[in-house]
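The structure follows.
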Amino acid sequence: MRLDPPIADALDKIALMPNRIGGAPPNVYFVLGRPYEVNAYNLSQGKRLYAWFGCKSCHGDGRGGSGPGFLDGWWSYGPEMVSIFASIRDGRPHGMPAFGDKMTTDQIWQLAGYVQTIGSYEGKTAAPSRNDEKQTRPAENRAPAKLLFDEGPTPVHRDQGPTP
Amino acid sequence: MIHLRRACSSALLAAPLAGCSGNWQSALDVYGTSAISLKHLIILIVAVCSLVWMLVMVALIAALWRSRDARPVSPEPGRERRLTIAVTGAVVATVLIISTFTIMSFVATRALSVAGQDELTIRVRGLQWWWGLEYIGPDPTSRFETANEIHIPVGRNVRLKLEGLDVIHSFWVPSLAGKQDLVPGRSNELTIRAEHAGIYRGQCAEFCGMQHAHMALLVIAEPQADYDTWAATQRQAAARPTDEETATGLQTFLAKPCAACHTIRGTAAAGTTGPDLTHVGGRRTIAAGLFETTRGSLAAWTADPQTIKPGNNMPMVPLTPDELRAMSAYLASLK
Amino acid sequence: MNRPVAAPDTRDIEIERKRLTDALAETWKTPSGIWGALATVDHKIIGRRYIVTAFVFLGLGGVLAALMRIQLAQPEARLLGPDRYNQIFTMHGANMMFLFAVPVMEAVAVYLVPLMVGTRNIAFPRLNAFSYWIYLAGGTLLWTAFALDMGPDVGWFAYVPLSGPQYGAGKRADIWAQMITFTEISALAVAVELVVTIFKQRTPGMTLDRIPVFVWAMLVTSFLVIMAMPAIVLASTSLILDRLVGTHFFNPAEGGDVLLWQHLFWFFGHPEVYIIFLPAAGMVSTMIEPFARRPAFGYLGLVMALIATGILAFGLWVHHMFVAGLPRLGDSFFTASSMAIAIPAGIQVFCWLATLWDGRLVFKTPLLFIIGFIVTFVIGGLTGVMVASVPFDTQVHDTYFVVAHFHYVLIGGAVFPLLAAIHYWFPKLTGRMLNEALGQWSFWLIFVGFNATFFPMHILGLEGMPRRVYTYQPDLPWHGLNLFISLSAVILIAGFLLFFINAFRSARVGEVARDNPWDAPTLEWATTSPPPSYNFPMIPVVGSLHPLWDDRDSLAVANGLRTDRRELVVTTLAAAEPQAREASPRNSIWPLWAAIATTIMLIWSMFSPWAVVWGSVPVAVALMGWFWPKGTPEDES
Amino acid sequence: MREKIVLDLGKLPLYGMGTASVTWWGTLAFMLIEGTGFALAIAVYLYLMNLATAWPINAPPPDLLPGTLVTLVLLASLVPNVLVSRWAEQQNLRMVRLGMVIMSMVGIAPLIVRIFEFPALKVSWDSNAYGSVVWTLLGLHTTHIITDLVDTLVLAALMFTRHGGNPRRFGDVQDNVMYWNFVVATWLPIYGCIYWLARL
């Protein structure tokens, strides 16, 4: 719940490739045991942040809108956590704003973990289940990407498939 | 103190018990119309029940005392008959008391709804772990938002529209009225009415997760004129920074993640996830009743909310000491 | 069919005593060694196991309670964080209700009911073995999860939406729900066994009006289990479905309802209280006889009160929801029914008082606990009447007043009689007496400690302290009483420790017990302490409610049962006239396999719905192994 | 304590049938448990229906055909079922063997139709609470058909072994018959709920 400031600082220092796609998270991320991918609390907090920070207005429930969707196996910048983290923190061309000044490092990681989970083809044990609201698609723990877009355009970007 | 309380409680009597309390969150220290009548009911029922218990104890002690002499044991018809009569009598008395209680309770239930016209309506939203308040007036301009501190005029009926926005919470200000749950998907209402001016503390009474223990609110009952002044202030936008420090504070607030979750009317901060901070400096407490509002407590809270209230939804935002100083000065100035 | 009709020499007619008991012992024995222990279906061994396990869970739950009291002894203490505290109070409640209180009552019944009705084993003994393994698996699951920081943190009644898919992250709520499934399977199994044992295996002559009150209480309790547990099955299943596959039972946005959970939970949850209390009341009615040295006054009234409580128990669940915003008129109906249940409770209390009044009392530890029970249970009952009143309840609901109330009912009303029962039946369980001096010490410590711990909580509740808070602020006037309570809890804990020490010590070196050390009137005292594997060398025949008091020199028995197969008498429902010499199953390892297969299926099903499909295959295989005839004499007809 | 013999049980039969059998009572107790479960599930259906402004929620009423077909098959199955019970009472091994084979097939038939019943609900379990409750009701009942079918199959196999001639097995067959009657009986209110209440 409370990330010590030095750890938060360290978690902020991701190593991105020059094209800002892919890279490596800081070592501390692995030391902590990839908490933003496997910890159910972080993922469910990520889901709340997804709603609170208005991600829905562009990305909908994950199927996209004015922004790209996450369920179709098409990751514009790759499915790695660092890429998603960088997209949220620094923004991306064509309209993705930077959230680095609106969210803390901890929150960005939580949100990144959740976003990656939406597009996952395998339901994670720790993934959140449905919300108490109108149902638009199967919840993340049931791997909606697999249910909804199994025959989607995956082959085109096989190298950037949904499972990191 | 402890001995005094024990002495009061040991007799299971409500009357001395009431004398022992004297705090601002108690079902026995009452200043609201329905809480007052509830206290009468509580005292009555507790008194009758205490009497019943004592009678049973007298019978028990007498039975134990009696048994010390050695008598023949085989049951004989005459004794069995007398016992039957005694037991039947006790059962009949039980039935009578129970029926009386049921009728009393039924009558008191009807009295729970405060009579008369509602004069003020407030939407109370329960969230993990704070209270969102929206005063609804006759016209849109008179509505305003605040959090965790309800001001009401003394002697007026105030209707609370209770909405649970995430999980179930329960609105309970014992000195004013009994509790009522805020249930997601259902709309409950509660009418309260303070007979005396005062500050009444309340607390969420339905387990709602990690920080259920720190989800308090204050109800401040004040004379109509004071209430009107307060409401007029609340409708206004936030005070503008008056000096350099508070101006820096506002800038920091807007530049940092703070503004993404909090609204300060009159500035660019328009987040809706956290409490409205337009007049946070004028509220008596922060963090849902956790601290008295001072510049120091505001700074402490902003600096490390997760240590103070673990699990709450406010993240720890890295701030330099200067930023923290400026921001707490600014927030404290939002009267 | 496959064998010749039983030759007369295999029956217990006119054979020498030693040969009879040797033959019976050979037929009914539990082989020594681990395999024998795992395969046994002896109700006494399983009952003892059940009791010991339940008391282990009591101890563990007590540790949790102690942790909570340390945390609450002072305001804003930092011993436990909110996350850990929430797990602890949830674990305490769930553990005490599902792993201690209900199982321990059924455990005592598993041990005693067959003895009290004079039969040789419980009905469906393999189901009995299965139910124990399932219970053990459920308890292990819960505590393992807690040790891994995955313990449920949603309260023992796990209200949605907090326990639902959106707010209950991770598997914590699923662990709770599935632990419920384990305990309800085991409770339902035991309930079926008890109902059938009491209906069909009563000894010849034990007509309905000659059934000991404890047995009556277990009959009513078993029906409560049968009628109430399906509600929680349905509730926990729909919760898991909501969480796992996205159903919408509790989602208001899609036509579900949050209060549906509360209705289902309390439709089970209120009878649950009587599932715990009725056996205790039955124990008191039965134990009071030897200590008052007269029959319990008002047998018919006592039995009718039990039945009336059982029926009324289903009409009160809404009194847990008085502040949820249901229509007030409906609430008033439930006020009336909740108040009405005080009447059968009153009848029993008055009958016990009349018995004590007229009796010649023997002040031994069990009687002390019975007296302590009357003192405290009446308080719990009266506060129950208080919270049954809607307006009263709006002030005390979900406060420490309610915490005090239900501890008075559950500890005062059920644990005190249970402790009396352990002291009373200990010789029958172990063959040794509990130490009387230590017993009296532990009674006084527990009685004083309990009242000093829980009585002040009434006041705290009225002073506005809500329950389930992990701390409270220093400016609230609660710290004095809280400190007092925490200190008093030390006395209570000391009392329980003394009881445990006494039990351990006496089980090994206690005074050896005679068959009937209390001069009690019921059948379990007609056999040795502890009873042999076949319970009775010859089946007793009873002609009254107090067979051992009618004739203190001799016991009427029946003969004609075979000694070479496990055989017991089936009698008619009301008149208890012999109908058949039915076989009772032999030891079998299959119940254990079935329990393991079921455990795998249930735990797996927290993670994938397909577990129900694939996981049920091994369960089916195990059940086939269980029921497939093995050609033993028991299969003859 | 001295024992005095007052009763001789030696002449009693070695097992009991019907109400003299503990298994019969046990089956009855389990039926009571499951019956309560069904009743509560139906109560949940009615509760949700009562709350909803329109019922079914966002879905057409289910197709009548598969459900009605299942109902007819189940009702028809009562005839061989009752016959098996009668043969079992007469301890007629040949006919019981035949009857158990028939009942095994009769048990499979509704399951095959049931496969088409789920899509005929025209709503998914995760669409809304209506979908959740009808799927649960149908699933719950399907579990019972499967359970009894497995029991019937095992018992049918058992009848062809050396254990088949044991009169105990006839008692088991009768309990199985009773349970199948229960499975059919519980279906009727569920059928009424799912198919007809949704059309009111």
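Some observations on this one:
The chains carry the letters A, B, C and D, assigned in the order they are written, with residues numbered from 1 in each.
Just so we're on the same page, a contact is a pair of C-beta atoms (placed from the backbone, for glycine too) under 8 Å apart; a residue touches a chain by one contact, two chains touch by 3 or more.
Here the structure is a predicted model, which is why all the values come from computation and not from measurement.
Here the two chains linked by the largest count of contacting C-beta pairs are B-C.
Of all chains, the one whose mean C-alpha position sits at the greatest distance from that of chain D is B.
Spacing of chain A relative to chain B, judged by their CA centroids, is 40 angstrom.
Centre-to-centre separation between chain B and chain D, using Cα means, comes to 52 Å.
The distance from the centre of chain A to the centre of chain D, with each centre set as the mean of the Cα atoms, comes to 48 Å.
Inter-chain spacing, taken between the CA centroids of chain B and chain C, is 37 Å.
Within chain D, the positions touching two or more other chains are listed as 126-128.
Within chain C, residues 83, 161, 166, 242, 245-246, 248, 251-254, 257 each touch two or more of the remaining chains.
Residue positions 184-185, 310-311 of chain B each touch two or more of the other chains. The touching residues of chain A, counted against chain C in their complex, run 1, 40-41, 43-45, 125-126, 128-135, 138-139, 141-142.
Interface residues of chain D facing chain C in the complex, by the touch rule stated above, are 1-16, 19-22, 25-26, 29-30, 32-34, 36-37, 40-41, 44, 47-48, 51-52, 57, 125-133, 135-136, 150, 154, 158, 162-163, 165-168. Against chain C, the residues of chain B that register as touching in their complex are 1-2, 5-6, 8-10, 12, 17, 20-23, 25-28, 35, 37-38, 41-42, 45-46, 49, 52-53, 56-57, 59-60, 62-64, 66-68, 70-71, 73-75, 79-80, 83-84, 86-87, 90-91, 94-95, 98-99, 101-102, 104-106, 108-112, 128, 166-168, 170, 172, 174, 177-181, 183-186, 188, 201, 203-214, 216, 289-290, 310-311.
Contact residues of chain C toward chain D in the complex are 1-2, 6, 8, 11, 13, 123-124, 188, 191-192, 195-196, 199-201, 204, 226-227, 229-231, 233-234, 237-238, 241-242, 245-249, 251, 254-257, 260, 263-264, 267, 515, 526, 537-539, 541, 553-561, 569-570, 573, 578-583, 620, 624, 627-629, 631, 635-637.
Residues of chain D touching chain A in their complex: 126-128.
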